[in-house]
Amino acid sequence: MATLLQQLINGLVLGGLIALIALGYTMVYGIIQLINFAHGEVFMVGGFASLATYSYVLPESWRDHGHWPIALPLMALGGAVVAVVLAVAMERLAYRPLRNAPRLAPLITALGVSVILKEAVRLWYPGATAPVPFPRAFVDEQFRFQLGEGTVTIGATAILMIVVSILGAIILQTYITRSRMGRAMRATAQDPDTARLMGVNPNRTIVLTFTIGGALAGLAGVLYGIHITNVDTEVGFLYGIFAFTAAVLGGVGSIKGAVIGGFAIGLIKTLSGQYLPGGTQYDLVWIFVLLIVVLVFRPQGLFGEPERVRA
Amino acid sequence: MSKPTNSVTGSVAIPPGLARPLGIGGGVLAILGALLPWVTFLLNDGAYPDKATLQFFDAPYAVSGFRLHVLLLGVVAIVAHFIPVPLRRVLRALGWGLIGVAAVNIVFPLVDGGGFGAITSDGTNFAFGGIVSLIAGIALVLAAKTGPLEPVPQWKTSVPTLVAYAVLVVSFVALLLVVAMMLNAGGQGGVGNPYAGPIFLSLLAFLAGVLGALHGIGLTGWISGLSDKHKWFSVIVLVLVALALPFTEAGTDYWMTTAANIGVYAATAIGLNIVVGLAGLLDLGYVAFLGIGAFVAANFSGAAAAAFDIELPFVVAAIIAAVVAGIFGAVVGSPTLRVRGDYLAIVTLAFGEIFKKAAQNNIGGLTGGANAIPNVPPINWFGASFDESLTIGSLELPSGVLYYVLIIVLVALVMVVFANLKNSRIGRAWIAIREDEDAARAMGIKTGQAKILAFLIGATLAGLAGAVFAHKTSTVAYDSFQFIESVTLLAAVILGGMGSIPGAVLGAALLLVLPEKLREFSDYRLMLFGLALVLIMRFRPQGLVPDRHRRAELADEGADGVPIEELNVHDTPGDEKAVTR
Amino acid sequence: MSATPVLAANSVSMVFGGLTALSNVSLRLQEGQILGLIGPNGAGKTTFFNCLTGLYSPTTGNVQLRGQVLPTDPAAVTVAGVARTFQNIRLFPSMTSLENVMVGRHSRMKQGPLASLFHGPAYLKGERDARDRSRELLEFVGLGTVHDELARNLPYGDQRRLEIARALATDPKVLLLDEPTAGMNPQETEATRQLIFAIRETGVAVVVIEHDTKFIFSLCDHVSVLVQGQLLVEGTPDVVRADPRVIEAYLGKPPDEVEAEVRQYAEEAAHGGPESTQVMQPIRDQDGHEGGNR
Amino acid sequence: MLTRIVRTKAEKGHHVRNQTVKAAVLVAGALLLAACGTNKTESGSGGGNNQSCDQSKGTLVIGVIAPLSGGLSALGLGIRNSAQLAADQANEKCAVPGYKLQVQPEDDQATAQVGAQAATRLSSNANVVGVVGTLNSSVAQSVQPILKGKNIVQVSPANTNPSLTRGAEYGTAPKRQFENYFRVCATDDLQGPFAAKYLVGKAGKKSIAIITDGKTYGEGLAAEFKKQAEKDGATIVATAKVGEKDTDFSGVIGTISGSKPDAVYYGGEYPQAGPLSKQLKDAGLNIPVMGGDGIYDGKYIELGGKEGDLATSVGAPTDTLDTAKAFVSAYKAKAYKDDFSAYGAFAYDAANAIIGSLGKALTGGAEWSEAKRTDVISNVGTYSAEGATGEIKFDQYGDSTNKLLTVYKVSGGKWVADETGTFGG
């Protein structure tokens, strides 16, 4: 019982992180039908950027744990800013020139960009060939509850992770449905040409999309850092795949889908590791099996727009 | 969006009047640059090659290596002005070649030696060869920009068969020699020759320039036209030429091994080319089929760790491997009945990861798990163990040559399969699906069957390659089949040209040879790989040897520098219409 | 109309989510007949076509070919003998015209994977026959000269003709043409009219969707008028042309204006530079017409 | 359709020819101009090496095969640098009379097929005297036969899979696999049991959870640990596997926490072990984590390794060993870009074993030739010296005879030797 609850919590935390990243995937896909493979790396870079903010920007005196109320926001800012710049630069330099190119071109480019980013950090961030320790710049508390004879633990950072991811999704959703730019986004996603006729500037909208996606990824980077307390060049790919899977599972293009997909994957990973044959060594397999099953019976994903036949 | 500098429109900014001065001046400068010293002092790793560290006009007849290349480029550039050729095309090619050579030989001393002193002046010695040559190259490129590019002249391909044969033989042999030269550029590198990397790169730039020029005057087009006309003859000659490689300077154990690995990847890439290039189905987990083939073969090889201790003859094992891989291919392909376009990417990626996990956890005791299946014996036919060296009469052939021969045969076979399928009812069906799935169905094509067939056949070929892989590598471990390998395979297909028959082979060759030649920079291997992917997609998404259809499209433009707008090829997999939205 | 019709749609209805695109549309096509299907935009003409060709499965009703109920799988329908062209051209852009037509032969060729692999004599013969037949068809539609031209590089009118050749390559008993003259100038339109007559001569019954009433009335033996998903009138051109309800419902204005409109339409099409180029990328334009969800 | 060309020819007609002549003249001129130059020779003298040692006979090469790019490069680069260090010191000490030693690092991209290419590349160089490597056992499996073919000695700093030396039945029927293959690191079947004896016997942990990373090193080590631990009366209450690249272990921890273990044995390397230890603590499982030499690294503690965690490593305690201290300080002095990481010291010893044997083979100013390679192999077989990881000596299978192992404990934020001994079996 305690174990189940514990694993549920673990799943939710992991899910929250994945959801934050998945939002970026899903928004970009929704608007330019591009699977931005490099998005996972943006998240990774966000993590390193916030770490750099801590160790190179933050004055010595504020690095002790007591100053986290100053440090954390600063780090989050650093991470988000760099991630945004990166994401936008990516769009501008790598993807925009391929706007009308064959569908495969941007996809391969994305793969290339992700390799470049990962390598750049590995080569040029001091000590990044191995995982780099990350300060827990937040309430370093573990809350424990007795449950039966087992105890359930949830860390402050874990709570923060869940809260932020859900808040982020809600804010994003409202922004997209309520605000003017949000409407522009949806319009562009629906039909770029018409949107242009309606006076929407597609390029601006697309840049905005990448900006939001990047910001969320950067934020995820910080949260990941303070929660896991180290950051590594490999995480980009790993969580990128998770998030990508989550986005597809939920139906690429749908905010709700991304979030639910994210949590679903988090839960499957932990629960399958706990209760399914093969245990933790096959959790990845279970995730993918579920994905395939869902796609076979519902090709557009759980909340995706159904495909239309043209004739 | 910045267009590539050399776009069709030529972006005429330079007054035509300057054409000759720039062109001829550039040529002269190049000759001068070749004779000037390039490096002022000895670098830490010893003297820079080709006596680059010399005084002005030393030993002009001993000018060798990259300096000779620069000299030649310059001379040709001048000559080109006085003979009837599409001048601007030729100059553009030569110019870029020069820039390439110069850049490589400037940058390397710069970073390896000591700053600008190394390539300009260290007070006592002066060495402006590099900079002069660079300027020369730029001048040529500018000269090419003084007007729109001329169309590539079409030479008539209706020549007497014998002549055609002669031309083909000559050009293929030349190709062989060039390849051997490239492979051997800078020797085996390593501590023996610290400058192997730059030597190779600058040779590459030189060859690119020459090739561009030859294309500009329509020679390459003519030859490929001829080989299209005499397809079978070309194939035979090509195979023979390939088999002749061990007799060249590149006939070392090292290159035999590498070439065999290239062959394995090439065969696999061709299989992938059926799936991606013809049927237009993206697969990001393809290396799994290579792995399946390898594991099957390893288990029937009589290796100590094999699951079944029966040793089947290689051919039998290979066939079983191919069949098993094929079956898995059909399974992986089955979701394509429902899943379309990009969604397929993640599904195939998932299958790839599942395979890796399964192999790592020694599923069913078939993969040896983390301990892999070591000591897979080499193939052994009629007492000839394939990893031994071979002596025919007097001359001793490098060890691994038999694997090389085997792989050449395999690749040739696979290419024939691909070609036959491509120009058949099935092939047309695949292309139709790639082009417009709904229309294809409206033409009575059972798209589901066709797609699964594509996966099945593709995977079969990969499995076949896997069987060779197992014996060649002598160990089969799950970590040989990571995601990055799938990406490499995909890159090979794209780089070569989707759906084109020689493409995949060329792509695989480049992607495996470059890291080998540039081992000095192995820290940056992946970085460069990523950059390559991005740049190819930006400037040459149709690949190096585009499929006939695409070539037809680009005939007027020629091989190089097509701005993406022009390349808006709708016939590429995953193009909007492949997925109905 | 006593003989069993070659193609019969029996009270076909099609409902997408809420809206009814077709309700109880029936249609009988006799051997050797040319049947015109007209109606204002959004009347459900193409939806009806998609039902006939198995792209959509009708909510109620069915479609019969010579008394046999057709399956709802486009491929199977084509094999059974119903071929179609598309309103917005759907060729295989980077295949040559010949290859496009040979794809049409697909369902009539027998070679399996193995044959395709080994290119045995039987296979080669099959290929040769297919190629010859395809050449004939290209000649037939008047594209004899452009075998090796990429489909995408053909002029607009030729693309339409090529699509017809491709459809004919499937040896259909019934040919469905979706706006075959859209964007054509009068000469091309006339040529198409002759082509359709020629096709009829070869014993293929034809159904044509068109806006161009003049064209329809001058072409068809039988005309059905579809309005808001319902069959309004059917009969010989004269009957339909005379029927006031048609004029009312379909055009909402007296005949002479119709003629005027028709003429103007034809002229636009004549020098339809931008329009035609726009249609020349069938891939680019989204389903601007009554596509509807499946 | 010789369209364009023909016409231009037609237009230009005759004076094409004499223009070509002009061109010829021009070129000749250029070359002539070039010809009238004096013949000076290379400025400066060859090579930048002016050591006191006599290195007249040329350069001999020690190959290094390790992952230098990609995810495992941290370990690979450590190996490369340490071997380099050994070679540099040898050159200063004139360890090999008459020859200059150089290290040729080859990237194996952590995959067998590339490893094979690297090995072939080295093996076809007549001046290669030996190879240090590999990191991954799977790569070693593909490298062994190739180097064997050319009798090149291979000394691995990191392969711990017993079957590499003693074959599949290493426990029951050991059989030497490749007489050119040696290793300086302790095999799993030493380290695992030794750890078990300590954890069960001395530390008195009776219910142990085993976590592995699914890689050769970790799996093997854990398997051997398990055997011994169960023999000594402990119960393995849970086993779990973490993904190769995983960083969030909450799920894994959840699965084991139910079974209330009082210790965790981790088969793997420090990049994951450190965070795992920390996350165990966070999850309320404040129990010691024990691992092999793969986690015996300062980074482990930086990454969250907690007080009381344990690691086994080969040889006497490094802080008592002058050779070890010397290595560390020398490495620091060189200021390499990357840390020497888990296998640096082993690589250093491996390289020294090769250098020493080479020196012996070339005593009395003997010339190097490929024939000497067999001597080098036999010399390595009989090699014996005090290395950075303790005594370096090989048994008849090529394994290190250095059965001396030390258990280290994290206390005061650094590894402190806790017990040294040998595994009696």
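Brief remarks follow.
Note that the chains take the letters A, B, C and D in the order they are written out, and that residue 1 is the start of every chain.
As a convention for this text, contacts are C-beta pairs under 8 Å (C-beta built on N, C-alpha and C of every residue); 3 or more make two chains touch, one makes a residue touch a chain.
Composition by chain, UniProt nomenclature: A, B = Branched-chain amino acid ABC transporter permease; C = ABC transporter ATP-binding protein; D = Branched chain amino acid ABC transporter substrate-binding protein.
Remember, predicted model here, so these are calculated numbers, not experimental data.
Ranked by C-beta contact pairs, the top interface belongs to chains B-D.
Across the assembly, the mean Cα position most removed from that of subunit D is the one of C.
A straight line joining the Cα centres of subunit A and subunit D is 36 Å long. One finds 32 Å separating the Cα centroids of subunit B and subunit D. Between subunit C and subunit D the centroid-to-centroid distance comes to 70 Å (mean Cα coordinates, whole Å). Listed for subunit B are residues 360-361, 438, 442, 484, 523-524, 526, 569-570, 575-576, 581, each touching two or more other chains. With touch defined as above, residues shared between interfaces to two or more other chains in subunit A number as follows: 237, 281, 284, 307-311. Counting partners per residue, subunit C has 53, 55, 86, 90, 286 as the residues that reach two or more other chains. Those residues of subunit D that touch subunit A in the shared complex are 71, 73-74, 77, 214, 240-243, 245-248, 250-252, 254-255, 257-258, 270-271, 274-275, 278-279, 282-284, 299, 302-304, 338-339, 341.
Residues 28, 31, 35, 41-42, 44, 46-47, 51, 53-61, 63, 75, 78-79, 81-84, 86, 125, 150-151, 153-156, 188, 190-192, 252-254, 256-258, 261, 264, 304-305, 360-361, 369-372, 374-375, 387, 398-400, 469, 472-477, 479-480, 482, 484-485, 515-516, 519, 522-526 of subunit B are the ones touching subunit D in the complex.
By the touch rule above, subunit D contacts subunit B in their complex via residues 1-5, 8-9, 12, 16, 19-20, 22-23, 26-27, 30-31, 34-40, 42-48, 59, 61, 68-70, 73, 102-107, 109-114, 116-117, 120-125, 127, 136-138, 141-142, 145, 149, 161, 163, 167-168, 177, 214-216, 218-220, 241, 244. Only residues 417, 420-421, 424-429, 431-432, 435-436, 438-447, 453, 457, 549-550, 552-553, 569-571, 575-577, 581 of subunit B touch subunit C when the two sit together in their complex.
Remark: subunit B residues 1-2, 276, 282, 335, 338-343, 345-347, 349-351, 353-354, 357-358, 360-361, 438, 442, 483-484, 487, 490-491, 494, 498, 523-524, 526-527, 529-534, 536-538, 541, 564-565, 567-570, 572-576, 578-581 touch subunit A in the complex.
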